[in-house]
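Following this message is one structure expressed as structure tokens.
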Amino acid sequence: MVDDQDETFTTKRPTCKNLEKILYQPFQILDHGFIRVVDYMGDDNAIVQAARVSYGKGTKQVSQDKGLINYLLRHKHTTPFEMCEIKFHVKLPIFIARQWIRHRTANVNEYSARYSLLSREFYIPKKEHLSSQSASNKQCRSEEGLSDREAERVLEILQEDATRCYQNYLNLMNQTEEGQIINPDNSGIARELARMNLTLNQYTQWYWKIDLHNLLHFVKLRSHPHAQFEIQEYAKCILDIIKLWVPFTYEAFIEHVRDSVTLSKTGISVVKRMLAGDKVTQEESGMSKREWGELMEALEINEG
Amino acid sequence: MVDDQDETFTTKRPTCKNLEKILYQPFQILDHGFIRVVDYMGDDNAIVQAARVSYGKGTKQVSQDKGLINYLLRHKHTTPFEMCEIKFHVKLPIFIARQWIRHRTANVNEYSARYSLLSREFYIPKKEHLSSQSASNKQCRSEEGLSDREAERVLEILQEDATRCYQNYLNLMNQTEEGQIINPDNSGIARELARMNLTLNQYTQWYWKIDLHNLLHFVKLRSHPHAQFEIQEYAKCILDIIKLWVPFTYEAFIEHVRDSVTLSKTGISVVKRMLAGDKVTQEESGMSKREWGELMEALEINEG
Amino acid sequence: MVDDQDETFTTKRPTCKNLEKILYQPFQILDHGFIRVVDYMGDDNAIVQAARVSYGKGTKQVSQDKGLINYLLRHKHTTPFEMCEIKFHVKLPIFIARQWIRHRTANVNEYSARYSLLSREFYIPKKEHLSSQSASNKQCRSEEGLSDREAERVLEILQEDATRCYQNYLNLMNQTEEGQIINPDNSGIARELARMNLTLNQYTQWYWKIDLHNLLHFVKLRSHPHAQFEIQEYAKCILDIIKLWVPFTYEAFIEHVRDSVTLSKTGISVVKRMLAGDKVTQEESGMSKREWGELMEALEINEG
Amino acid sequence: MVDDQDETFTTKRPTCKNLEKILYQPFQILDHGFIRVVDYMGDDNAIVQAARVSYGKGTKQVSQDKGLINYLLRHKHTTPFEMCEIKFHVKLPIFIARQWIRHRTANVNEYSARYSLLSREFYIPKKEHLSSQSASNKQCRSEEGLSDREAERVLEILQEDATRCYQNYLNLMNQTEEGQIINPDNSGIARELARMNLTLNQYTQWYWKIDLHNLLHFVKLRSHPHAQFEIQEYAKCILDIIKLWVPFTYEAFIEHVRDSVTLSKTGISVVKRMLAGDKVTQEESGMSKREWGELMEALEINEG
């Protein structure tokens, strides 16, 4: 499926040299997954150009492109970022695809297991990425790994179950991976039925096309430390691609979105009091213990 | 999770008596699935009311509600149908959820297997719904069933693999379905990891909220004979609910959408020539064999 | 067009008493505009219910509804807020409608001037809302009003031009507001053409339906002091309605969204240094003068 | 604002020669409007490629690209068409912009009259496009033109009112079109206020980016004979551009969408009876007079 593209063309369209260099080239993610850029539209300049349509003659002031992009992202003027578009070809485990697809403002064409056989490929984590349920966060895994013995047993189970289920997927259809009939006396069941026997770490693939504004939102949520490790790997690779594609936007995104901190109404009032020299405690702050803890963490204040 | 709701309230909102009767009540779909309506907004009258805002004083002519709704759907004036909204609670196998979620203009809250344990419930088809790959349609199952012996073997495999995978899902987390630790020396892996060992016929559930226009589109696609049987079952149940909720819209939908036929430019010219008494053949029609076959089928002309 | 609704019904749906009290009742905005709620779905509890589907058995901890809603909004878990829906009937000047419609995730049925005559109603600002272009902000008006004499002249022009254009709108169609033919020898031009002669302060009206998540976003942007005064008036009225409808969400919105402050990566590092007792200046902060000014303003630090 | 782009670049992206030829080049629409393509992504081949991801190994059969595109559009498999994207720069009268913006699945950056002065340009129809209200269709203009004398009077009014309103727009801001202060004793009102005095035929402009699937939908609705003439002019120009860009899609669109006919359930049964030699009349058809008339028109049967 990987269409190598060596041909080059002449275009008058905005062209991004650094992105051209990696066009079509797959970046490996996890054990069998990948991301590759298969097309794109626009660059940092297209954002500036769209903003300038809005501002018309009124923009002499913010005349430098980098400053303008910074300004747009700082003030959440997001529509100019919708003027850039990118298309990826992604291979990913189904349980990750199910998280990914929740981002609705995007276009998707997924490999259909009603039409075609899925390949014998499933995600088996590396030993170092296995860990127990987090005690503090209901949705996350903890930092602590498993004992070697337990980790090996886990990988064995994952490997065995996925392998058996895949083999039975073929058996149910009465055909080999190459499409040979196994037992001439059987008819096999249809692909759309047999696929239900596969495990959720089975790989699938899709074309995914999205505008830059929505892509930044995806990256923000999915590269967050609380996102599942596996989708973080994809999100981080996408962030690297964004850096090549639209470097000014990348910088502004890190500064004003990814690494920014939002303080609540009460949070900002606490900070003001602290700056004025007040001693503020959780009890009289009006914040819950949890919120207070989050604020102290953001301010890197160690109350130990 | 099924919140029985016996309380009643007084409201000035448009209220649909027939829908109130089945509110919160689950309709069983497949072996462990269900659909139930948990809230709704508007009725046939709300569509008429929205259309009348658009038409203002100009609508005296199409003054009867039923006629107006018919007119709107016939001419694809779809925005008034967006003025009605409905919320479902649905339990469904994951491989069906993956088809369903492709309808993007809807709101979804799905049970999260990062937060909570999934129940030991997976879809096992009835024997009569097992069938082989269709020879003529690359994406469908055929009409023909399997031999009894083969069908039994198929069900056995599906049952065994799902059961084993579910048991190992628990083992991987080192806990029982009730949350008891299995082996005190193990830590188990996090829920977000363990779930990858489940099979695609595992049941999940979600709240799904959508406007009537987009719901009709869903029903049109997913109740189509070429849709997968399992999602058809849900779509047909939804269509029954639509009939209770907005009976005029239901009728117009059957007449102008579900059972309508679209003829291509060439198709309509063929029909005109036939009506004028011409003998038309595929060869000189300008249509491909496949298109011609589809046209003859639509016109119920047997060329045998 | 204002359909008084005195009838009441019995429903098992979640019902919000405080919203029922004002259902259908128009709130006046500007000189001839209004907003009224014509239908709604869900309440604070529906948000909690949707969140609990996601969290399943995993939510015992955040068991209090108010705390959960607070948590959801603080951490931008926005999908449960999409489970509530509201429908408004709004009358507003066309130049404001053009700003409003940029919020795309909503359903709209607007009065059509192709079908029907528009009424002789246009927005004329109050004298105290007239002011000159802001010197500091390219998109805003300033705080300073006009001289009485100039203000009167402005209102005179607005009144005269709108009146003449409206009268000529009728003349172009060769009919009076009541639909009488003016000159039997003329045919008049079609409504779809004549409307182009109207001024942008002409009132229009529409039904507008939106989910709570997107509504909060609308209110955040359009009640902002930098938004145009006229749309602020509508946004503030909607915020009052939200307070009646979903009081927990309202409170969380004020605390974590409307009155929150986002500090950039550099901004938060400056705050940390200040809290540690450092003297930080704009020059060595790495921030532009403009960003520095915005930060000092957020922290209410007067740098003399 | 028209950025002439003479530079060319080397790219590995799919490139459409025929579209490159007209890139950035404005096509005049109406008296002062235009459309020009400023960027694009993909071509016919990108649609095929996306479809092939879905069909995987299962597509050998429909191997020819043109046939596949035809098949996709015939069976309303629309997602592959979302894989192409195009960006236009459009200048258009405000009353047309208001129709246009109702297509929500698109990205827009409009010239902001809060930031900048609008130019002295408004749409004045050609005499031959002036006509009276249609007697049969509540939303359309008729075929019949106006008397020369009336037409001249109409154009005079439109010209006068737009000119006066524009001049007063400047007067209200107390500045000339070039930004010179008119009366040093006045402060003028802000741009965001003054614009309300403009007429709806005032020109605005925007960048508009949309995927091919949604663009085809736009063209279908807006090039329809019942659409307003002025927006038809834009839609037809866009259709010409589509023909250059994706010629296979263009052909399939004409055949299966624009010039197709949808027959209702009853309509198709009438056709079947007619083909079987029955005489069918409106009375016993079960169709309303209006629907029957529409059917006879589609079949070009003259019942006179």
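Here are some notes:
In this document, chain identifiers A, B, C and D correspond to the written order of the chains, with residue numbering beginning at 1 in each.
The rule is short, and it goes like this: a residue touches a chain if its C-beta (ideal position, glycine included) is under 8 Å from a C-beta of that chain, and two chains touch if they have at least 3 such contacts.
Composition by chain, UniProt nomenclature: A, B, C, D = Flavin-dependent thymidylate synthase.
Predicted model only: the values in this text are computed from it and were never measured.
Identification of common neighbours of subunit A and subunit B yields C, D. Because subunit A and subunit C carry the same sequence, their contact can be compared by residue number, and over half of the numbers here are used by both. Here the spacing of subunit A and subunit C, counted between their Cα centres, is 32 Å. Between subunit C and subunit D the centroid-to-centroid distance comes to 29 Å (mean Cα coordinates, whole Å). Taking each chain's centre as the average of its CA atoms, subunit A and subunit D sit 35 Å apart. Residue numbers of subunit D whose C-beta contacts span two or more other chains: 55, 58-59, 108, 112, 115, 138-139.
Put simply, subunit D touches subunit B in their complex at residues 55, 58-59, 61, 67, 74, 138-139, 254-256, 258-268, 271-272, 274-275, 288, 291, 298-301. Listed in rising order, the residues of subunit B touching subunit A in the complex are 93-95, 97-98, 101-102, 104-105, 108, 112, 114-115, 123, 125, 130-134, 138-142, 144, 146-147, 150, 154, 157-158, 161-162, 164-165, 168, 171-173, 186-193, 195-202, 228. In the complex of the two chains, the subunit D residues touching subunit A come out as 1, 3, 5-15, 20, 23-24, 39-42, 46, 49-51, 53-59, 79-80, 82-83, 85, 87, 89, 107-112, 115-117, 205-207, 209, 211.
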